[in-house]
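One chain, chain A, links the two complexes that follow: it is found with chain B in the first and with chain C in the second.
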Partner chain A sequence: MPDDTPLLSLEGITKDFYGTTVLRDVSFALRRGEILGLVGENGAGKTTLMRILFGMPVIAETGGFGGTVRIDGRPASFRNPFDALDAGIGMVHQEFSLIPGFTTTENIMLNREQSRRNVAVDLFGPRMATLDRPAMTARASKAIERLGVELHPDTLVSEMPVGHKQFTEIAREIDRENVKLLVLDEPTAVLAESEAEILLASLRRLAAQGIGIIFISHRLHEVTAVADRVVVLRDGQLVKDTSAKGVEVREIAAWMVGREVDANARVRSDRSFGGPALEVEHLWVDMPGETVRDVSFSVREGEIFGIGGLAGQGKLGIPNGIMGLFAAGGEVRLHGKHVALDAPRAALDAGMAFVSEDRRGVGLLLDESLDWNIAFTAMQVKGAYLRRWLGGLFSLRDEKAMRALAEQYIEMLEIKCTGHRQKAKELSGGNQQKVCLAKAFALEPNLLFVSEPTRGIDVGAKKLVLDKLRHYNRDEGTTIVMVSSELEELRAICDRVAIVDEGRIAGILPPEAPLADFGLLMAGERAAEASA
Partner chain B sequence: MNKLKTAVADFGWPRIIIFFFVVALFVAAPFVGVRVDGALSDVLARFGQNGILVLALVPMVQAGAGLNFGLPVGIIAGLLGGTLSMQFGWTGWVGFLGAVGVSLPFAVLFGWAYGLLLNKVKGEEMTIAMYVGFSMVTFFAILWLLLPYSSPNMVWGYSGSGLRTTITLDGYWTKILNDFLAVRLGRFFVFPTGLLAFFGAATGVMWLFLKSKTGTAMTAVGSNPDFARAGGVSSDRMRLVSVVVSTVFGAVGILVYQQSYGFIQLYQAPLYMAFPAVAAILLGGASVNKASMVNVLVGTFLFQAILTMTPNVINSVLQTDMSEVIRIVISNGMIIYALTRKTKVSK
Partner chain C sequence: MNTPFKLPSAARVRRFAADNVVVLIFLFVTAIAVPSSKLSGTYIIQDLLTRYGRNAFLVFSLLLPIMAGMGINFGMVLGAMAGEIGLIFAVDQGIAGVQGLLYAVLVGAPIAILLGWIAGQVLNRARGREMVTGYILGFFMDGVYQFVVLYLMGAIIPITSKAITLSRGYGIRNTLGLDSVRQSLDKLLMLKVGPFTLPMATYLVIALLAIFIVWFRRTKLGQDMRAIGQDQTVSHSAGIPVERTRIVAIVISTLLAMVGQIIFLQNMGNMATYNAHRQTGFFAAAAILVGGASVAKATIPNVLVGVGLLHLMYIVVPPAGARLFGSAQIGEYFRDAMSYAVIALALALHAWRKRANAESARAGLRGAASGAVDPAKTEGGAA
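After this line comes the complex of A and B, so read on.
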């Protein structure tokens, strides 16, 4: 019985990057002709797992991995993607790797061109062979046919709709004679619903031909529709491996976001809020990779408002747009007063401050000292930390005041450094994040945006950062809008949490709402469905 | 031992080697018949003479616009000021300060236009700047002929129009700064008090400027434009300010240079003026995006010391005039060396 040995089996896969464990003891198997839906939040370890499977050099460079990968029951260790290709693994990436100026056929047959011998080949070697175009077209057509879609072999890739590009990619992978396993990473992310339907149908056809498929998607209803089995990863661990039969989208969503938040973190008794502090209407932001299409919400005075959602859906675009860092439009009012977009200065003058998710790119002056980093924005916006000379004729940096300010925050936020003169680039990620927070606090804002405040920092620093945010909100009355990929964090600290999906707000939930509801909103299901 | 090692690494090997080279030249000088006191006097004079041109590079480096290879733009403004002041018949302190005063509006105007251009070519500033300088110099080579200057001390004798290539400042403001409160010790040594005081004052002004709110914003723009933008600072505006300041210092710098040199040199002369200045600041330990007053002072001193001493000593040894060749080899060699290791700043 051939079905006894699984096509692919992963046994105890473990991987850490510089001490951070991203995969812990992940084991599952895939049989021939089976479609396995692999789901998990951003950072759950899906991509790393696929990189291991595909022999990406980055894995070996960072110290390899623990556990075994078996193909057809034999242990396999791929040193590079070519080994993986030879072993019959095909991979379709999220981003297209197609040559725009080539036709469908040429792209499908790339590097496997059929060639004809001629005199030059005898003289100069195989590089001089000419292409056998009819044979290539025939093979490409066959691959397209296997997919069961309509694609003209002579269309240029640059002139295709995105859906067809996706099919071309898949056709290229299945053209290889030995392909047994196909990995698709978010293949439907760029597709319209109708195109996605066709793709799913093609996947079923391929599976029926005996190809094993790993299907990675954030669209949970697609996973339940097409997959035979669902594997859920969370924080690098396999939390569920179950047959897809009878599984509800809602259940998967709950497995995905998982973990109950410890109750004592949430002290939310009788919180009362003032009138609207920030009103946003029909905001759009052109931030590459985080486009915001049409977002309206309002934040109450004294509230901590959370914005969550998956990567690339536009949650990061909201603060970046309001703070004027990316082209934006729509109406933003702070305490009823209109705030000009596209002008960072206007937003700062209005009394807003922003802790950017791009710490090293936007948040810090890496080559300057901590006192500069902390005092700079307040100096430029409010004219603070300047000392006037000759009756206000000119003013110079007040190094003493800057030093006092830096030392105050170094102590308050427990920034580990050698002193206020140390350069920002020499600090660890967590301490850099604290410097970014100090910079924003020094502005004494009445509305503070924090974007991914805990990304890439250790547990201790995380707790401190969240505690300080809570402290500023409770004791200083600062209204906070917190954008984060960590749902748990949002639920722990926020008074309301909005989930952004495809550049729009899918819904706003109280933090006590069931996890599954959040998961559903993230997965792009309707808000109505979630609250049902 | 380790402390010494890091201290040496901080100071930078090239500066140490050149420092010892300069010391060696001073030690060798008496043996080949070059007077040490006379040589030292020369070095001080050239230090003050060139210093402000080196100082002019600092604001653009700090603002992230690179080394100002377009320094000739400022120099042209200075030349306009100098020649106009002579044309008006101003002499002495009135002449010199008048020249500075007349050159300023030109410097601001040229610097502003030049800055607008540099804001459109971010990332390529240094190359573009060099060609802006070249074009400006050659364009003004035409204007020097055509502008209606008429002072007989300046125009060509045979035609009565068009400025001469070299105009003497004798009778106008030759060495007006050098001789101001100068201290003469013995027959060969002169301490140019006025010149060094003027350079010191210019350095002080630049230092204060960098400590102002605008100067701070400018440094932040050079360090991380995105950070500055998020802090509500317009990086284009700050870069523009830095170019204008640099151009103004260039204009003043050339006037100081000329009063010490004793001549106004026109036409092709400003073409390569930026190179020694760039070499000096790099030698002083500046990088392409960070420069300090210390870099300027140390760099100018070391660079001018070699330029003065090497030809003196080597010419005496070789019995032939190699000074120009040596000057070019050293200054360009220094630029190449420094630009290839432009990442690390020395303290």
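After this line comes the complex of A and C, so read on.
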């Protein structure tokens, strides 16, 4: 390493959003030519840290941050991402930001095109300059060469395999003359194993040329393979900053999920379950951002089955696909009977209910009153709370029954409201979630999907929601499939927990399994390695 | 280049048909109408040559907004109105010939730039609904145009010529004779080739415009427009000023429409003061779509083919109707219905294709594991 001043140093970075601390006193440094693997669960603070580094406006809008960012030893504070780019920091995002109808060259040179002056420039300004295509191709080829990959400068992005798109993105970042620090956020997430290998090799090549690299990935074996150092964030704090030499994937997984206070070895009354209630085979779901690729599992009668995993890996797609909200395929059987996919009504008629993670979009009729919200689906699906007239020729709402129903659930779930006529949008997040639960309970389902039941609600409401789910399961014998990003929560109430990774189930563990095993599954290690 | 993906020939034919269904339907109808019209080939070709000069410029004005991802600029009627205002002044000032046309362009230009800028601002606030917004904006501006021409001209805006004002003393007459500038551009350089006369000066102007558009595509601004047309978010994050560029695209389009309308009217020789611009956007849109363009992609050949095909139909269908049904009106009714159908079909096809593409893109994410599952088979639930 040439000189001692680190390329980038973060000193005591602290950030809170509206009183919630998301980063606490995070400090680490990165030298030239070093690859730093940054790992952490969702919500550990990786994204916020990168936003601070790039001067994203959202940071300033929410009150700035504490601590100092130094580039080459000088304090740097960027007002927007373009400042960061000018300072030589490049970012490769998780999702591609490429223009599909442009060639490799045009994308690499996007908005940095080389051009020739002409008369129109003097008349109408610099944007009238004509593009110098040969020069652009030459520069793009140079960037591609630095990466050490095979990429044709004239191929259209829309006709490339995903791996090449990722390389095009990286080539765009390293084309900047002054680039010295490159941040890659889950660059291998969409790549096949062989493509990921090539990518890692290019990263080593870039590092050898003196570029510092921050490599964010949940695939821990890639982190150990490519990084010189590993930094682990957990709950906004830096829990480990160590050389990657000799570090095992299992250790990193344990640091990542952490919380070694494993006193929650719950006393489980010996639970007994019936036969299979829900069988899913080779399910795929086209849910944007939560693609399910090939998932098979089976849930036993009376069980609480947990589905966890990192964001974007496809766990949310599973209930949404089975309930017919997104295009899906595969085979789903409820109590041995085939359930048609792509048809919400078929799923509801089969006796399944769904508490959606999209509370305000899918879960509630925001402008309607609570009794309406609670009775709505039951009314549609079962014809309940309707009074028939003239031998069923037409039917009217049974306001009295709806009111009784609403009041029953307001009491049972302790929904804080002014009464059953209050509008759903006026309630707090936690109470809205309870209304969603009430709506699902009112269907008297024999299988209940709950998706992210505690997202965005306060601690007290969280506990209540989880308790109610547990009681509902115990008292009514309803089978529950719960999807959540909070591993702790899944371990607290589920009988088994499946971890989804890259659209597939990486493994199914009992809740008392060691945390590191869950971490390994999330890190893309298969079940066999995790239980070894 | 990668070796292109080879489709089996039947599928290739189907795909070609699906991509060009609008053109094919049009060719089919015209092919039936040409012989039944009993018009002579010379007549049809001469009429087509005249109509090229008259209309092509207007249709060209649609290219840039399509390139910038804003769809068909139905707001081009704003430019047409600016051109008409320019012509009113040229006639009022008694400036004859090509000078009169240039004067009209000079008067129309600032109006077109202002109106284009307003339209651009409005369309930036109506992202994703540019076409319908532009269409309605045209109706609204038509009202403003009427107010200005019918009430302000002669009352507040000085109009000297009694011949063009209404007898009440203010407002412009319903029909404006353009005798002073009639076909002045067309006749500037007439070329006689065999039985045909070619308005070479008009063609030259159109050719210059085509060259301008080819050149413009190679500029930084043109490249930015192409980028924005494909993905606004990506362009924005690359630092391209998205909103400004979109406004520029609309301003240029409005300016070109202004010039186009002046060329159109000089050929016609008179101007229906309150109606001339009403159908401009609709005709231009039909022409470019018939030429095989979509609301997302249009080229210069699309314009040239489209103007030819649309006007061929306009020439032959009324006489064909007269011969087949005994009434030219049925033919006229039919050609209007056809033009509207083309626009509707092209819009529906575009929406359908966009959805199909999005679906296949998402299906691609599924990976090889579910490759065995044929999406077509699972359409009605995996039975």
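Following the convention adopted for this analysis, the second predicted complex is superposed on the first by the 503 of 532 C-alpha atoms of A that agree within 3 Å, B and C clash if a C-alpha of one lies under 4 Å from a C-alpha of the other, contacts with A are read in each partner's own complex, and residues count from 1 in each chain.
In the analysis below, a residue touches a chain if its C-beta (ideal position, glycine included) is under 8 Å from a C-beta of that chain, and two chains touch if they have at least 3 such contacts.
Since we're looking at a predicted model, the values are computed, not measured.
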Given the alignment on chain A, is it a clash or a fit between chain B and chain C? fit
Is A:345 touching anything from chain B or chain C once the two structures are fitted on A? First, second, both or neither. first
After the superposition on A, what does A:97 contact: first (chain B), second (chain C), both or neither? second
After the superposition, just quote the angle formed at chain A by chain B and chain C, using C-alpha centres and rounding to the nearest 10°. 50
Which partner reaches more residues of chain A (counting touched residues only), chain B or chain C: C
Check whether A:456 is in contact with chain B, with chain C, with both or with neither, and answer first, second, both or neither. neither
Quick one: is A:325 in contact with chain B, with chain C, with both, or with neither? Answer first, second, both or neither. first
Could you tell me if A:148 is touching chain B, chain C, both of them or neither one (first, second, both, neither)? neither
Classify the contacts of A:127 with the two partner chains as first (chain B alone), second (chain C alone), both, or neither. second
After superposition on the shared chain, which partner residues are touched by A:106: those of chain B (first), chain C (second), both, or neither? second
Where does A:394 make contact in the superposed view: on chain B (first), on chain C (second), on both, or on neither? first
Which partner does A:288 contact after superposing on A: first (chain B), second (chain C), both, neither? second
Determine the nearest approach in Å between the Cα atoms of chain B and those of chain C after overlaying the two structures. 9
Where on chain A does chain B make contact in their complex? 323, 325, 344-345, 348-349, 354, 356, 358, 361-368, 372, 376-377, 379-381, 383, 386, 394-397
Along chain C, where are the residues that touch chain A in the complex? 1-2, 215, 218-221, 223-224, 226-227, 230-231, 233-235, 237-240, 359, 362-363, 365-367, 369-370, 373, 375, 378-382
Which bits of chain B are touching chain A when the two form their complex? 208, 211-213, 216-217, 219-220, 223-224, 226-227, 229-234, 290
Looking at the complex, which residues from chain A come into contact with chain C? 81-82, 97-102, 106, 110-111, 113, 115, 120, 126-131, 152, 154-155, 159, 190, 282, 284, 286, 288, 291, 293-294, 327, 329-331, 340-343, 346, 503-504
